[in-house]
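Have a look at this one.
Labels for the chains are A, B and C, by order of writing; each one numbers its residues from 1.
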Amino acid sequence: MSLALGATDAPGRVGRGLIGVAAFIGLAEVVTRAGIVNPAYLPPASSVLGTTGRLLVDPAFLVHVAGTLAAWAMGLAAAAAIAIPIGLLLGSSRRVRDASAAAVELLRPIPSVALIPLAILLLGRGLDMRVALVAYASAWPILFNTIYGVRELDPLAIDTARAFGLGRSEVIRRIALPSAAPFIYTGLRVAASIALILAVSVELIAGGAPGIGTWMLANSGAGVPRELLYAGIVVSGLLGLAINGLMVAGERRLFAWAPRLRSRL
Amino acid sequence: MTAVARAQPNASDGAGIGLRLAVIVGLAVAWELVALLANDPVYWPRFSAVAARLWEAWLANPAAWVESAWPSTWRLLAGWIGAVVSGIAIGTLIGLSASARAYVNPLVEFLRSIPPPALLPLFIVLLGIGDGMKVAMIGFGAAWPILLNTADGVASVEPMRRETARVYGLTGRDVLARIVLPSAGPRIFAGLRVSLSIAVILMVISELFATVDGIGFELIQAQRSFRMLDAWAIILLLGLIGYALNTVLGLVERRVLAWQLGATRSER
Amino acid sequence: MTGGLLEVDGLGFRHADAAPDAPPAIEAVSFSVPGGSLVAVVGPSGSGKTTLLRCVAGLVRPTAGEIRLDGRPIDGVPDATAVVFQDYGRSLFPWMSVADNVDLPLRRLGLAPAERRTRVSDALAEVGLAGTEASYPWQLSGGMQQRVAIARAMAYRPRLLLMDEPFASVDAQVRADLQELTLSVWQAHGSTVLFVTHDIDEAVYLADRVVVLSPAPARVAADVAVGLPRPRDQIATRSSAAFVELRARVARLIRR
């Protein structure tokens, strides 16, 4: 629907989006060039973009990007490995779920960043600590969505499979898991964004090993060109955009059959 | 524009009070036993010790309320309310116009993809290390889920509902206040829930940096002087605050969205 | 009653969470379905028809009496039954293609892959859906989805086909088409069908015999033989005096 509309609209959907971005950059450029704000605080957009471009091909900077991505990927993988099995277990038994609800409700509100100082004391400032914190924070949405997905399982779907003589393990493998998969994936998608937030937060607070946050702290002092700080933010935004974009594209590809996504086709 | 309405099961339904209390007591006992076995009171303090510290240093200590808890709480609430007001206002504007959505969509998608803590060094450079920086930080980071969910919710109001309103000659303001916003209500509240937990995270982060007061400041002090017992107590305290805020928001939501609960129930 | 392919003997069912003094959902229901026949069960809504069918399918265990298939009491889901449910949207799996949905129960029969493929495409062709193998169920209309469910049951080649209000969710024209389809596959395969419905018209039109259930607790109010000649015809049969008389008789039995 929206595709067809976009194709016939005057500038088109993509075109309008580009116009919006260009207008934003242009405005930022004018505001600084005209001297309305101090360039020491807000450098011209063109020089921020130029700096971003240079950083993206600078191996010394890319080491920091790789550091952030390593903690992000390992933490997310650990979270999935822990939260999906637990979620399947909690989701499939009402009694287990009820019993664990109180514990989950108490643990969930603890802001994960508050654990950073403690984690530094217990695990040091290395990769272990980063991965542990990223995993802790990103496990929650995966856990909740897995429980939800298992709970949403249609009893009639199970009856149908059983009526044709499918055994318990086959029902789990062929019916329960596929039907919960889109929910689990949604949890992973939310967790991917949270994992990036945590990875950067940990770097900002703990410093040490290479990472975008570490790099930004080092480049926020007096005398460092302001462009670098802005460029660092642009890169972290692009990273977030790329992660979310890939996750959404994967969702559309894998789960086109899910009613929730189907309506968007 | 995709929003981050996180599907969350209502964890509390069906659980008896007795069972839940038993689980909480069980967790506390388990912590106590593990700590006893670890026998390392500095790094792995017992639950009873942490709870006692939480009680004497925070809950039963008016000075801590005034000097630490209050500065944190007001910055949190000020930033979050700013996020609520601006998020709902801008989200509604964007949601009402398909054309506006087309123009700002990529920009919004980019801005909300920036991990909020990455803005911290910049906010410090721009606004210093005072309350203003922290409130702005919290507000900026927490506004996105509200904005996106509001825009999504407003944009997807059943056309039939708007047409009904037009048939009966409602004015634009009435349509907005009585049709569009209530219809978008569930989505907006989903955004509010996510944004509240982001606000708590940003409150803590902003206080872990260059600060002279607040709960986060106490936490980083405890870490620097290796006072594990205090660090654990503060983490429990933050959990309690988060739990309390979620509970209050849940009560407000139940009141405001009472119609929707009834509607979905009658569909079953 | 003996000698049927399916024998329901003194069947009783009481929900596990029902109050102790509440009447059971089903009480002392007995009837038999001879091999090769099509027997319909009708009853007012809430009369335990679906529960009865779930007992026969082996999905729930009766609390009294016995169900025998080929003379052997059933315990769990029998190997030789297939079910078509009313809610095709929920009993077809949206993450599987049409072919995979039909193939699902065939995998455990130990058939060669080529044989499975043949059975799937034959069954789909038989219900008029040749060439839809690669589609997904949700890309088809409601009537077509129910045809897929019927194809799945036929490809399984069951001794006994159970149908639970299979056409209650489709509109009148599609329902008539699906009734014809049911009759034609039943006759082509010589299969045995137990058809549960609340639609008296449909029951009389399709069946050799109609088992009429009373309001809860469900008991057999009557077991009516339908002597209408076959092949039946939507217009001629339905307008015949015998059909009208039978329909009225069943309706009176239900209302009583």
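Everything below uses one rule, namely that contacts are C-beta pairs under 8 Å (C-beta built on N, C-alpha and C of every residue); 3 or more make two chains touch, one makes a residue touch a chain.
Note that the coordinates shown come from a computational prediction; the quantities given were computed from them, not determined experimentally.
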Most central chain, Cα average position: A
Most contacts overall join chains A-B
With centres defined by CA atoms only, which chain is the most remote from chain B? C
Nearest whole angstrom, what separates the Cα centre of chain B from the Cα centre of chain C? 52
How far is the middle of chain A from the middle of chain C, if each middle is the mean of its Cα atoms, in Å? 48
Once you find the CA centre of chain A and the CA centre of chain B, what distance in Å lies between them? 17
Shared interface positions of chain B, touching two or more other chains: none
Help me check something: in the complex, which residues belonging to chain B touch chain A? 2, 4, 6-9, 11-12, 14-16, 19-21, 23-24, 27, 43, 99, 102-107, 109-111, 113-122, 124-126, 197, 200-201, 203-205, 208-209, 216, 219-220, 222-223, 226, 228, 231-232, 234-236, 238-243, 245-246
Chain A - residues contacting chain C, complex: 154, 156-157, 159-167, 170, 174-175, 178-179, 181, 255, 257-259, 262
Of chain A, residues touching chain B in the complex: 6, 9, 13, 16-21, 23-24, 41, 94, 97-118, 120-122, 141, 144-145, 147-148, 151, 183, 186, 190, 193, 196-197, 199-201, 204-205, 212-213, 216-217, 219-220, 226, 229-230, 232-233, 236-241, 243-244, 248
Listed in rising order, chain C residues that touch chain A in their complex are 54, 57-59, 77-79, 81-83, 85, 87, 90-91, 93-96, 104-105, 108, 136, 138, 152, 156, 162
